[in-house]
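What follows is chain A paired twice: with chain B in the first complex and chain C in the second.
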Partner chain A sequence: MKAKKISSIFLIFILAVLFASPGQAEDLTGEEIMTRVDENQFIAAARLEAEMRIIDRDRESVKEMIMYVESDGEVSNGLVEFINPRDRGTKYLLLDDRLWMHFPDAEDLVPISGHMLREGLMGSDFSYQDALESEQLTRLYQFEKLGRTEINERQVYEIEGVARPDQEPAYHNRKFWVDVERFVVLREEMYARDGRLLKVMETEKVEEVQEGRWMATAMIMEDQLREDSRTIYRILEIDLDYEIPPGKISLETLQ
Partner chain B sequence: MRLGLPGKGLFLLLMMVLMLGGSMAHAGAVEVGGRIDLQAGMLYDQDFFGNYQGSGELELYLPRGENFASRLVLRGHLNEGGPELGVKYMYLRYRHQYGHITLGRQPISWSYGSLIHPLDYKPGVEGLAGETIQPEVDGVRILQNMGNGASLHFAVSFPEGLTRQPLHRMGLGGRLRVMLPDHDFSLNVIDQPLQLFPLPGEDNLFRAGLTYRGDAGPAGFYGAISYFRLRHRGDEDVVAQVGADFSWQVGPEYQESLVYFQAEYLRFLLGELGLNHLMQAGAGPGLMGGIPAEFHDLLLVNLNLEIDPFSQVGTALIFETTDYQLALAPYFESDLGGGVELRLEGSLLWDREGVFSGGSNLGLTFYF
Partner chain C sequence: MQLFKIAWRNLNRNPVRTAIAVLAITTVVIIVVFARGLMVGLTESSFGMYMDNHFGHVRLAQEEYLKRETLLPLDYTVDGLEGAGADEMITEIEKLERVQQVLPRISFGAMVSIDDELLRMVGVGVDPEREQQHGGVAGDVIEGRMPASGNEILVGKGLLERMDADMGDRITLLFSDAYQSLRGRTFEVVGIREAGTAALDNSFFYLPLNTAREMLWLEDEVTDLLIFASGAGEAPALQADLEEFLTGGGADQYSVVVWNQADPFVEFYYEVAGVMDLVYVLFILMGAIVIISALTMIVRERTAEIGMMGALGLRGRDIMKVFFLEGTLMGILGSLLGVIIGGVITFHYSRAGLYVEDFAVLSEDLELLIEPAFYLAFDLENLVVSLALGIIVVALSCLYPAFKAARMEPVQALHHVEE
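== the complex of A and B ==
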């Protein structure tokens, strides 16, 4: 059974968990490379502690969060609990490709409307839609390998993704620079249909979180339409063997 | 200094919570968080008046047990009468396989995304001019999950005190909610005691009806239809609400800032009851700026522009056709960093004769 890329908001940040197998990688097509990225991002269950630094000119806001993610290989779900003082108690639930918010003052679940998905997550450069589509890249895009180049002294494949004719994703085109050994996405660019560059994501740090398994643990997202704005996402702690309590990621628990 | 605890029952519950927190303290430390709000402003109503107030909240994040959770939020106010302390939330929650039972002072929100919800258990406002008011409830809430996104909610409340309350002065409510992809349905039935206002006397307001919210293309739409009845006086009405929300990005010259627009219209179709009855059953008559008029309809518009990741500006417009009063509530919010937020707000009110009143307010909030 094909392992599906981890859904979510939560895992747009996690992008790329890899098994290095450089010997056969040279002959891979663009589709095969992105499928490898997909497959290697699979996580059955994990608990993460992370922070998001939203920077605009000389101002900065820090969001701290605990995330739970689980996937059975077909469906991926997740829960984010914010723990910084301003947002403490606010939760996002991703369940079956739907997003819900939970506010501590109401203790009720509110579905996030479709038109709100373009909005930045907690004011960051990451949108809700970035999150939702991060798990569906191979369904939404056709990939082509453009060649090889080098980023930060790492050899990378340059991959272009174009929206499939029957799909309307948030970005018409995307470019990926994928580490040829670790299959970690080191850079990503998102474009509008008219070719305008909308967002750029760069991986700041890659760590071996398990033996032979690499993960991007720090990323910078820049919304090119917001002048002097960027969001730095860092995973502070990750437990890939975490046993998520039954019902933790569910509508029932948040009501 | 007055201690705003309403009775012995609450005090005993507080002790229970603290004891439970103490017994679970072995499992983890109790953390503390909260906020401090300070506001100063000026009001014009035939003359100018200044005002100042401070408030704060302190939440103890108690360790959770396997099936039990508790929440304790204390609050304080500084106002003309001096300092006042009280309890915002204090409850115990027992979780089981199919839901939970929650006992104590708690939020009960049956929101479906409207600015004012005619079928909320205790109506308040949600996101109007950036403000949310959710009345707390003393009572019992039971949630029973039914699977596939469906759930049953029951609530019993003691709005006029915790002890020796006659049954007819207690609040009762039930909600069946079905959440499907892109669709959110609710069937709500509520009976709340209320003081008739501005008329003297007591009664019970019975409300029953349906709500729906869904997406249609780039916009969200919602609506409610409900039956209202004052059980003793016999006055009844049918209340309808329709609304929509939409967001879009303005041009590149404004850095593609996000604009959010929401509008809704609520009407008492028979004209026998009014908005004051609805507010009296919830957040109280002071919610709409202290206007006690028996409005039979209400148009609410919310407009918000996100200037940058830290700042937003917006306004709310409130209009009714009973007295043709119009209110505007512009505001500006900005995160100053270091856990401090600034809020500037104003209120402008015109009545049928064109008489104007208004005010402005400057507030600082510190989160810790």
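== the complex of A and C ==
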């Protein structure tokens, strides 16, 4: 009887260790970790105010924008309105996986497709494709957990993603360093098929945007193919309960 | 005169040999007239295009801009002396004695998305009035007119075809401004340009300088200035004037580059054009070898005659003159015939052009400012130079056999016959 009691206490202790320690998710696979990351980034409807500080050698420019984002879990749509004086009136629309641009001096809407998706978004180190693919990582890549390490005194999983055979994403390989507790990507490296490092993204700030939900609110992207260039993206305000007016994210509104 | 008559008479002694020697000279002179016409034609048209479109006689730009020019940066602009503005600087430059014309330009990259394909092109902001005066770009307008104001553009013929557009169409183009913002703007096609070379016609469009400044956020700035003197030959002196001007204004960020040093291809091509003069001389020397050979044979055949002339009191100098005149007469005849025939051929191709399909394809790929059809230069200078070159080179070549004949001792020459 005594032996049975001891073994019950031991079992409870083991379970407690398994479910309560920081290493509780130790058994997660690479795929599961990245699914958690995708889920963490999922936004049903939101309004964001953000800025992009583009530093290209000696020249620095700031783009300020208001973004409306909505998603049904399958497809994400969004509208970006630039509000800084030089770009005021320029709008980007992501609708059903297609990107459209509106410029105040242009009579037509401009679809962004093909090679243009690889261009820098408004001259930044982020490409249009980076924006399109950020929420579809598990669909585009197969992930493998390489191990655990530490970044900025935070425990992180080191994950490698390789493009799925039936997909052709912007980067053939990616490496992620994912915060063990918050499931936020703290560092990311993007590689070409030949192993050449193309871009490096580092998260500068992580904030708790909702109870128990953490998001990267400041990040630095460096395009390794551009000399002495980097882009700092900061979310200044985020409203995750925002009700987007009907028709706001549509081609009609864009025109 | 007597010696001339002897020389002329001697030419008729072996008409076949004389005809072969004359024909050899005729052939090489035809080649020289043709080659010179080709080189001069190619040089004038190609160098002219480089000057009108890219380099002027000299070009003023920021040193950094010239290094990164292929990227069409808008970071390194000409904004005057101590940032006082490009327009004021242009006014000051125009006051320099040697300066005939200043063309301010703003070159930038643009693109249009057609059926998922990105079509890249180069936009050039130009001052319509100055361009009209200069005539380089304005002279190639085949339909419509130069853009005058607002969102008007002149488009290269090939580029318009690639965009599947036509005169009067409105086209939305994308470009990045000086602050790296991607922008879109709708333009109206008011003119079509055909420069005759794919590198320009397939990639370039032109718009008013003020429009380019406004949309790219370049206030009173340009990317480069093309500066012209009265002729390309004055370019080095013009460069010196401008460097002095810039030094005086404390503007050491700018470079002044002479047109023939502005591009490795132009530099190489310019050097080759210089070397070609030597090639022409070598060509004529090839023909002259036939005459040297004929004269040497004549001297051997007429050894006894030379001995007789010497014995009769003709001086060595006179004997030399006879043979020299004989060879030179062949040179004159051959060169005259060569210039006439070569002139006719050159004239024909100066009008009809010489089209080599492989070269046309190659020139498109190389993005060089060379017309796919060669139009030879037909001018009096080419004919006179070729004629003079033929006569002089042949005459000089005749000196050796003539000298050999003159050096013969009369007694030995006569003895040579007896043997």
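The working rule: the second predicted complex is superposed on the first by the 228 of 255 C-alpha atoms of A that agree within 3 Å, B and C clash if a C-alpha of one lies under 4 Å from a C-alpha of the other, contacts with A are read in each partner's own complex, and residues count from 1 in each chain.
Heads up, the rule we're going with is that a residue touches a chain if its C-beta (ideal position, glycine included) is under 8 Å from a C-beta of that chain, and two chains touch if they have at least 3 such contacts.
On a predicted model such as this, the values are computed, not experimentally measured, just so you know.
**Student:** Superposed on chain A, are chain B and chain C clashing or fitting side by side?
**Tutor:** In the arrangement built by aligning on chain A, the partners chain C and chain B clash.
**Student:** May I ask you to decide whether A:V110 touches chain B, chain C, both, or neither, giving the answer as first, second, both or neither?
**Tutor:** both
**Student:** Using the touch definition from the top, say if A:V200 reaches chain B (first), chain C (second), both or neither.
**Tutor:** Neither chain B nor chain C is touched by A:V200.
**Student:** So in the superposed three-chain picture, is A:A163 touching just chain B, just chain C, both, or none of them (first/second/both/neither)?
**Tutor:** Neither partner.
**Student:** Have a look at where A:M101 lands relative to chain B and chain C in the superposition and call it first, second, both or neither.
**Tutor:** Touch status of A:M101: second partner only.
**Student:** Considering only the touch criterion stated at the top, classify A:R86 as touching first (chain B), second (chain C), both, or neither.
**Tutor:** both
**Student:** Regarding the shared-chain residue A:K63, is it in contact with chain B (first), chain C (second), both, or neither?
**Tutor:** In the superposition, A:K63 touches chain C alone.
**Student:** Between chain B (first) and chain C (second), which does A:E252 come into contact with in this model arrangement: first, second, both, or neither?
**Tutor:** The answer is first: A:E252 touches chain B but not chain C.
**Student:** After superposition on the shared chain, which partner residues are touched by A:I54: those of chain B (first), chain C (second), both, or neither?
**Tutor:** After superposing on A, A:I54 lies in contact with both chain B and chain C.
**Student:** Taking 149-157, 239-247, 275-283 or 293-301 from chain C, which overlaps chain B after aligning chain A?
**Tutor:** That would be 149-157, the one stretch with clashes.
**Student:** In the superposed arrangement, what residues of chain A touch both chain B and chain C?
**Tutor:** Correct list for chain A: 54, 56, 59, 61, 86, 105-108, 110-111, 113-116, 119-120, 123-124.
**Student:** Touching chain A in the complex: which residues of chain B?
**Tutor:** 33, 35, 95, 98-99, 106-111, 113, 126, 132, 134, 143, 145, 149, 151, 179, 181-182, 184, 213, 215, 217-220, 245-249, 252, 255-256, 258, 306, 308-310, 335, 337, 339, 341, 367-368
**Student:** Under the definition above, what is the set of chain C residues touching chain A in their complex?
**Tutor:** Touch list, chain C to chain A: 75, 111, 113, 116-118, 151, 170, 172, 174, 176-177, 179-186, 215, 217.
**Student:** Under the stated contact criterion, what part of chain A meets chain B in this complex?
**Tutor:** That would be residues 54, 56, 59-61, 85-86, 88, 96, 98, 105-111, 113-116, 118-120, 123-124, 225-227, 229, 251-253, 255 of chain A.
**Student:** Note which residues of chain A are touching chain C in the complex, please.
**Tutor:** By the definition above, chain A touches chain C via 54, 56-59, 61, 63, 86-87, 90, 101, 103, 105-108, 110-116, 119-124.
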